[in-house]
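Input: structures, listed below.
Across the two complexes that follow, chain A remains constant while its partner is chain B and subsequently chain C.
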Partner chain A sequence: MELRATVEEEVARELTRMGVEGGIAELIKGEFIPAGLTAEFDELLEMQVGEAYAEDIIRMLGRGEEGEVKLGDIEVKVDKSELSGKIKEELKTKLRDVRMKLSEEKLDAILKKAEEKYEEAKVEPREAVGIVAAQSIGEPGTQMTLRTFHYAGVGAIYITLGLPRIIEIVDARKKPSTPAMKIKLAGEYALDRNKARELATEIEETYIRDIKSKIESSTEDMCVWVSLKEKELERKFIKREEIEEKIKEVGKDVLVETMEDGKLRIHVKRMSFHELLKLEKDLSDKLVKGIEGIKRAIVRRDADGEYMLYTEGSALKKVRRMEGVDFSRTTTNNISEIVDVFGIEAARNVIIKEMMDTLEEQGLDVDARHVTLIADAMTMDGEVKSIGRHGLAGGKVSALSRAAFEVTVDNLLGAAMYGETDELKGVTENVIVGQPIKLGTGAIELVAR
Partner chain B sequence: MKKGKDSILEHELVPKHKIIEEEEVKKLLDTYKIKKEQLPKIKLSDPVIKGIKAKVGDIVKITRQSRTARKAFFYRLVIE
Partner chain C sequence: MVFLEKERDKYTKYEKARIIGARALQIAAGAPVLIGTKEIDPIEIAMEEFKLGGIPITVKREK
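On to the complex of A and B.
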């Protein structure tokens, strides 16, 4: 069924390209059965597109001359071949483009050659892929900038990039130096800029200090006076009643009065001078709207024309149930948060994506397979482990290997104290004792009978 | 409040996890000539494992979208 759809699509596209509108293209789309096409249809085709084009179309439909390759043949044969998914797709598009010059024999020959090359390119068993991955990332790493920050779009959101970001990822830090979320929006929020902006204010943290024009304590009547910036309130969609409610949460028995000129008078019965100053400070630090830790949330348009939010600061769990957030497409660059919320497999995906993006941003072309290997190694045990001595390297079974890596004395001493045995299975251990390493040709043993 | 697609199992970063049957487990272990414990692990506390209600000792088959192979299978053993 899928095959038929592909061919139909191809024919329809070709027709549109030739300038055939509606009618006949629709007809072919609906009625397409290569063998079942009638002579009348051919005539109709000729009338509409002219003889020369009609011939082309008929050939495309798979009724060409003897020995010519049909679209269907390409699909079936490529699918049957021993190639990987992505190569198959690429091969199909390329073959389709040249199919007029193809013959059955040529197609078979091309596939055979492709399979050969594919087999050659496969990694041999016992190849030291880890070393290759390490060097493939290490060398380009020397070309990376040591300290760069970058804007996400124009919105003045800083994101750590370059080498510091790579180090952060492989060290499996609990919190990145610049956590950030990309929040996709659902339904009308994605289409309406104002709705998106309103949601952004729900997420961006707002303290009283951000919306006050003045906050002062008066010792005369022992109360705190707050004047608010009307413009800010409007911009952040905050109602005065909401602020009053929030102010009451600051302490027990807090009373709020709104004066005629809009000033707020806040006081607590029988308050000492010390308490008054503390009240002023607490008020200024009171969160009135948004999520704590999200310093900014800006609205951007993505490639599909949908509005979305970029945030400085990350709190996946808190935006999870917010109206207007499409949580199924929302991500963060904080990998430990990803593990908690989406699990280890998602974390692996984010490690790969973040590393690849960072490398690409620096103009470095590293094969995804090297990065994938690192991500796999880091997530092997069900939790995200760092690469260094506290993680992967430190978790090695071999004491000699650990000692060769870092903190030699501690490792040797510990191994001696606990009476560890070294099975000499790894590379480093065998180099130390002067034996062939069990990699490549060293992995094979001869048995005489 | 309107509930969007809330389940994390639908998240674009989360590949499909499926608990596999005894028979498939045996086939898998025979193919690679390994013991269960040699498989990569996934924790019982993992949100996806909670979502599909897997138990300790189960093996989950993960259908990953690979950059090179389009689709790839991966297996993890559920641990405490």
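On to the complex of A and C.
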């Protein structure tokens, strides 16, 4: 604190020397330093007392050498410009880096140029954005691998990637060929590896067959003997009592006894041989822990050093209320599950993310706006619709464009029989009847002035 | 078609192309040229007229 006081004093002195009125505190509070820069300014104040700092602060305040632009001016002017948020931020950081060489006129010129370029990059009304999006994804699609399986880098979980994955997304399948979840953890679960592991065992499915060392039915005393792997039990945090409970669920009147050597004796009164064999099978297929369908759950550390779970298999609803799961940050690659649990907007975002990630993994750089358009088209009705070779599912297609695509005669005949009308709205229909199409130049009606 | 407020008094590139095209056709068919120019190509003449704002054609935009 004392250090800070001296810094402030010195800066204040410097400022008075330069003819700036008021103390430093007022300067910070006042409009002299624009909001958003105060943090940076505070950092400077915290810096070691030295010769450099005072100059730095003065420079930040913008009363430095001749021709230099004020940081505040960059902030204010960029904010006022007609650019979008992200571009503004990028421009600000870039301009800050070169502010020593920047004069006011140069700043204005840069902003003007940026606005021009931004305006040029916008699509204009009547542009055929759908076609452009289709081509922009279609062409890179030709370069994608046809190989279905590919591991996603993390652990040994396999996830469909490449072209098959893109097709899967666009097809709006109920279940992807390799469902998988990314589960973020809450509180101490995210920080403690053992806690995370314990949670993983709650999620990963475990059958008796996974933890038994031996299961056999004995016709001598008409019962099933199960011996368990102690190590597995320990690793999966399963208590013996839990197993006994689960075994009792297998059928009516199932009796379980634990022998002195740890073997389990399972018995049902008056059992036939057939029933005995069935009991053995049912026992080995009995789920003792975890969620059915989740084949694996792997603990990994994410980029922020938090522990999280990757799963093979997906069951969002079941994971929802589990303790330790941070559900708001948990996701799956199963889009239909996302719709059910989080809603259509989330599904749209997941479609975009999954497609972009798949394309990126293949080293293809597709502009997000093309993908966004596709996701919007698929989700605009409140449910996820597929895009197949006949276009967006459920869309009414004109008879003429259907005829132009496949089985021409059948389509025309059918349309004639049902007395269909064609509104000539699409491209194909208008080409067929020899009219300009309703896109670009073709959509414009002229009037004499 | 939805136009933003600030785009309303600006022609899109398609409108511009359509206007210049229509005007060039008129000029090619012998319509009197409205500006003094050295150009011979009707398209060039139409573009110059467009730049000066003299083309007696506009576009119809739906509300």
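The criterion applied here is as follows: the second predicted complex is superposed on the first by the 358 of 449 C-alpha atoms of A that agree within 3 Å, B and C clash if a C-alpha of one lies under 4 Å from a C-alpha of the other, contacts with A are read in each partner's own complex, and residues count from 1 in each chain.
Methods note: a residue touches a chain if its C-beta (ideal position, glycine included) is under 8 Å from a C-beta of that chain, and two chains touch if they have at least 3 such contacts.
If you're wondering where the values come from, they're calculated on a predicted model, not measured in any experiment.
Q: Quick one: chain B and chain C on chain A, clash or fit?
A: Fit.
Q: In the overlay, answer first, second, both or neither for which of chain B and chain C A:Ala121 touches.
A: In the superposition, A:Ala121 touches no partner, neither chain B nor chain C.
Q: Is A:Arg320 contacted by the first partner chain B, the second partner chain C, both or neither?
A: In the superposition, A:Arg320 touches chain B alone.
Q: Rounded to a multiple of 10, tell me what angle the C-alpha centres of chain B and chain C make at the one for chain A, in degrees.
A: 60
Q: Touching A:Arg369 in the superposition: chain B (first), chain C (second), both, neither?
A: first
Q: So, does A:Val409 touch the first partner chain B, the second partner chain C, both, or neither?
A: neither
Q: After superposition on the shared chain, which partner residues are touched by A:Glu383: those of chain B (first), chain C (second), both, or neither?
A: Touch status of A:Glu383: first partner only.
Q: Could you let me know whether more residues of chain A are touched by chain B or by chain C?
A: Partner with more touched residues of chain A: B.
Q: Based on the superposed arrangement, let me know which partner A:Glu345 touches: chain B (first), chain C (second), both, or neither?
A: Touch status of A:Glu345: first partner only.
Q: Quick one: smallest Cα-Cα gap between chain B and chain C in the superposed arrangement, Å?
A: Minimum over all C-alpha pairs of chain B and chain C: 5 Å.
Q: Kindly list the residues of chain A that each of chain B and chain C touches, one partner per complex.
A: Common interface on chain A, chain B vs chain C: nothing in common.
Q: Note which residues of chain C are touching chain A in the complex, please.
A: That would be residues 1-3, 7, 12-15, 17-19, 21-22, 55-60 of chain C.
Q: Can you name the residues of chain B that touch chain A in the complex?
A: Against chain A, the touching part of chain B is residues 1-6, 8, 10-15, 17, 40-43, 46-49, 62, 64, 66-71, 76, 79.
Q: Within their complex, state which residues of chain A touch chain B.
A: Chain A reaches chain B through residues 84-86, 89, 186-187, 320-329, 331, 338, 340-346, 349-350, 352, 368-369, 372, 376, 379-383.
Q: Can you tell me which positions in chain A touch chain C when the two form their complex?
A: Residues 124-127, 440-441, 443-449.
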